[in-house]
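Here the chain labels run A, B and C in written order, and each chain numbers its own residues starting at 1.
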Amino acid sequence: MPLQTGYTVAIAQTALALLLAPGLVGLIRWLKARLQNRRGAPVWQPYLELRKLFAKEVVVSSNASWLFRTAPFVVFASTVAVAFLVPVLAAPLPFDSVGDLLVVVYLLLLGTFFLALAGLDPGSAFGGMGSSREMTVAALSEPTVALAIFALALGAGSTNLGQIVARTMADPAAAVSPGYLLAFGALFVVTLAENGRLPVDNPATHLELTMIHEAMILEYSGRYLALIEWAAWLKVLLFFSLLGNLFVPWGVATVLTWAALGWALATLVAKLVVLAVVLAVFETRVAKLRLFRVPELLAVSFVLAVLAITVSFLVR
Amino acid sequence: MSSGVLAVSMIAGYLGGALVACMFSRGRLVRWLTAAGALVGGASALALAGAELTGRSSGNLHVLGYLARPDLGGPQQYVQVLHIVDPLAAVFLAVVGALAIPAALYSVGYTRAWEGRRSLRMPGAMLNLFLLSMSLVPLAGSIFWFVLFWEGMAISSYLLVMTEADEPETVSAGNWYLGMTQFGLGFILAAFFLLLPPDGSGDFTALAKHAATLSPGLKSLVFVLALIGFGAKAGLVPLHVWLPSAHPAAPSHVSALMSGVMIKLGVYGVLLFGLRLLGGGPAWWGGLVLTLGAVSALLGVLYALMEHDLKRLLAYHSIENIGIIFIGVGAGMMFLSYGLPELAVLGFVGGLYHTINHACFKGLLFLGAGSVLHATHTRSMEEMGGLIKRMPRTALFFLVGAAAISALPPLNGFVSEWVVFQALLGGASIPKREVAVLMPVAVAMLALASGLAAACFVKAFGITFLGIARSHEAEQAHEAPASMQVAMAALALACVVLGAAAYAMVPALGRAVAGLGGLPPASAVTVSWRLSVPLSAPGAVGQISPLSILLGLVILLAAIPMALWLFRASRALRVSDTWGCGRIAQTPRMQYTATAFAEPLRRIFAALYRPTEDVSVDFHPESRYFVQSIAYRAHIVPWFERYLYDPVIDRVIAWAARVRAIQSGSLHAYLTYLVGALVIMLGLLMLWGR
Amino acid sequence: MDSAFGQLTVLGSSLVLLCGLTLLWRRGSAAHINAFAAQSVALAATAGLIAVVTGGRELWVVAVIFLGLKGTLMPILLKRMDRRFGGPRELEPYVNTATSLVIGGLLVVLAYIVTWPILDVSRLPTRAGMPLAMGLIFVSLFVIISRKKALTQVIGFLALENGIALLAMLGTYGIPFIVEIGVFLDALMGFLVMQIVIYRIQETFESIDVEQLNRLSQ
């Protein structure tokens, strides 16, 4: 596809992801509220939150350093960089040769790293607790992610996102192969862990016993908090896009025509809604795990990834 | 400049620096001259290696040959001594030279603290001799010179470790270090001697020729002996116990050199034996190296997590990264034995690239830790905090190093780990499926190790530099002297550049391993502004562009504040107390400590650590309702020291105690021993003569 | 093997194995019994699928027996046993949960290595699921040796029998009917004997923690 339009589509797809992310989280919250017999805030509530936060004054702790002030920008920049790499609408795009699935995972780790440091900067106990727990969960989900990537790459022959998508589209039977399904299960658990959803972390409460992500960003306010929250919502959307477009890639545009892109947009929205419903139902169903039960959940996802590899790797 | 001139300037530089230190023992000029000697030597070494790697060298270093063995005469004298034998040696020489420059610069500022307390004679001279011997080890072309420089390296580093011998733990660290070095040397010598051809020539080419005629069993024995010997130097588990005590005990620039360069020479030794001398072998060699590497990587980082001594933490991370290097090397060896040359090149390149990168960021981290030690006079993280405001530049450089070692894109640590991952992915091509299973296991262990490393460095950087100062020294800390800052800045810049320049590094390293042990002469890696590596499936390519990622992140970091300004977001900012959920007072005691940060992981991996906790509470004398102080101590079980080394050491000491019986102190007894030995020897000579 | 039939049988076998791994993950007896019931249902479904495609009538009978007895009746009996001798809801296993799961994964890999020679020889489209069945056998054995509660060990034994049945179905489209019934009756006998033994343990020690059996030697 011509390079110029490829770049335009990449930028457009990132902007689209940024615009849709608060709506997605708003949808999840609204669904959970309805499932819990509440009315719930409207789906566009997160947009209003962002607008409010960007207009507010920032209060910075006197103990904090320049790291506290730059961390929101680093987190946002790294998540937006990932948005350029993930096949949200079309694949392969020009940025496909810049980063593959491993780059995506480690760019997200970059954001987590700086956020954890920013939690320690103001010198409060909550921040330390959040940082410590967040890094523990992130470190323990790494092997699962690596093995899931391995399982996907085995089929496609490369860790390149474009090639993985292309391979599944070329061979539809692979999409329901047990290897892929197991890898999907493993990545779904990792999505819960990395995005701080139940049962790993509760994004709705601010109680110290249940916080991981919220504890790290407790000292943030104003536009910094807006950037961090938006980056977190964008991360949810990107994970959903990965789950949807890597495992069920039909709808992803392979040519850059208006028709293909429109269809890609429609299927993307459909996949996001489906995954949002699944997540909302799941979160309503389970209770939050104690911190020391989370490694057991992550071990389950690890075993799923091991099974995915053995099923696809050793029987060929 | 011709290679001969560069080599002479290298040796002259080091020796000059050593001489200056020996003659005078104090004074600012002496410190600068000593460092200058090391600088000149390092720069020459780097230039020499660079010339070799880019193909512009002028071959053998005849000058040195003539100087060394003039008695031989004729062409033989040139063969036996020093010459850069292959680009692989040049890579390691480059590592030595590249890290020598910042370390030397750093030592100027660091040794200022010793003025009046310590003589500069020994540290300065030994630093230069250490660098000299490390530079000459890769250049050695025969057993004699190799062992000579190897031992020189060991002894000079031992003396450097013992610089601050007034502390008891330094003496113990030195003893461990010396013991393990000699232990390793024994195995290395055994491996060399098994390879000796009948005519006794110790030259490496002769050894390689003779090795080709040996039986596979003997070759395997040689490889295992070499692996043990060089693994002890590199710090492979279970031969790693000396590393966490010796590296922290040395002065910081020496720690940087030891961790960054010296242990890599262990890697060089394994590659020397595995590829050059023995020419590749059965797959289990690579599998053994891979397994040991994976285990070292995981155990190294798990023990690093529990440390709150900053330099010990960094030393354990060196064990982890050596593990990662050996994972790459092991994978390469396995692919080589299964006839998959492109993947083998990928594995070796990953290992070598990580060698260079680790030297870079570990050197930077040790220099940073040294600056912190210099400023706060303590190595314990529990007494630091808030240093980012007192030492902003050191903090920035340490952050770059921490991000690099945590494998965060686009820095160099990420790129070399990516290459190793891609090599392991190729494991799908291995025909024997029982063996291919090793690759996903290694991938999982590598990923876990790198995730835990990120967690560990959040702890290391966060507790040391962020928050509020936890002790008086930390409150009074001052920024490091300019020479130290410049050294750290250079290494930080190198970390960024080495990552972005991956597209040039990888092909260069591919050329470095070309031709060894049957690897293809030309690297199959393409050179373009992005890094492309061929993978196992036909036509499949793995591609990343660290340069683009770097540019992209920089552009985004600039664009976001601009976008905020454009959309007229509020720019108000107010500095106030930490909110902390509405708490009013904030004292340093309320922060997380390093032990607290690592506590979840200590609990999760309790099966390995077997932690024990010790809480002692001091009550107020008046009433038990008021607590004066609580002390919390957490211990973990040091498995290797307690269950592997201590029994062996105890048995050796018991045996030595029994042998000591012959030392009765009586002159007559000793004379009797002498005469008896003489008689026995005469008798044996008579018997053999017959 | 790439046919839809092959994929579906592997899917069924994966579900059966995952239910077996759930025995390592969840701790309460209720969860274990539900996992066993689900496993038997999945096994019955797989048997039914194979019966549909291969047209073997015996497999239909086997599937119905699994569904009826192992999917419905035995869980009811087990729940009754649990109510009678329940005891504390959780007992710490010998090996903690996360480690057990990792060991379970490794056992599945081991099962693959063990079953490779068979995979090379067999020509059936269902052969891809055999390593998973073997993995279930290993995992059930691990459940039996690493859990402390006698009830869990019984469930592990029943899961083991499920695994053997699955292996037989995938490998040879079912073993001869007589042999199948014989194996099944063996398991039933074992189950009844264990029920009696657990009753006796409960009477003697007031708990069904098999650690207590050590006290018999005193």
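One rule holds for everything that comes next: a contact is a pair of C-beta atoms (placed from the backbone, for glycine too) under 8 Å apart; a residue touches a chain by one contact, two chains touch by 3 or more.
These numbers were taken from a predicted model, which means no experiment stands behind them.
Q: Counting C-beta pairs in contact, which comes out ahead: B-C or A-B?
A: Per the contact counts, A-B leads.
Q: Average the C-alpha coordinates of each chain, average all protein C-alpha coordinates together, and give the chain whose average is closest to the overall one.
A: If we average C-alpha coordinates per chain, B lands closest to the whole-structure average.
Q: Nearest whole angstrom, what separates the Cα centre of chain A from the Cα centre of chain B?
A: Chain centroid spacing, chain A to chain B, equals 36 Å.
Q: Taking each chain's centre as the mean of its CA atoms, how far is chain B from chain C in angstrom?
A: The separation of the two C-alpha centroids amounts to 50 Å.
Q: Specify, in ascending order, the residues of chain B that touch 2 or more different other chains.
A: In chain B, residues 433, 437, 604 touch at least two other chains, as defined above.
Q: Give the residues of chain A that touch two or more other chains, as numbers and ranges in rising order.
A: In chain A, residues 295, 302, 306, 314 touch at least two other chains, as defined above.
Q: Give me the residues of chain C that touch two or more other chains.
A: 98, 109, 112, 116, in rising order.
Q: What residues of chain B sit close enough to touch chain C in their complex?
A: Contacts found on chain B: 433-434, 437, 604, 607.
Q: Show me the residue ranges of chain C that touch chain A in the complex, using the header's touch definition.
A: Its residues touching chain A are 1-2, 4, 7, 10-11, 14, 17-18, 21, 25, 97-98, 101-102, 104-106, 108-109, 112, 116, 119, 128, 131-132.
Q: For the complex, which residues does chain C have touching chain B?
A: 96, 98-99, 109, 112-113, 116
Q: Show me the residue ranges of chain B that touch chain A in the complex, using the header's touch definition.
A: Checking each residue of chain B against chain A gives 385-386, 388-389, 392, 395, 399, 403, 406-409, 414, 418, 421-422, 425, 428, 433, 436-437, 440, 443-448, 450-452, 454-455, 457-459, 461-463, 466-468, 530, 532, 535-537, 540-545, 548-549, 552-553, 556-557, 560-561, 564, 567, 569-570, 572-581, 583, 586, 588, 590-592, 596-601, 603-604.
Q: Could you list, by residue number, the parts of chain A that touch chain B in their complex?
A: By the definition above, chain A touches chain B via 54-67, 73-74, 76-78, 80-81, 84, 95-100, 102-103, 106-107, 109-110, 112-113, 116-117, 120-129, 131-133, 135-136, 138-143, 145-147, 150, 153-154, 156-160, 163, 208, 218-219, 222-223, 226-227, 291-292, 295, 302, 306, 309, 313-314.
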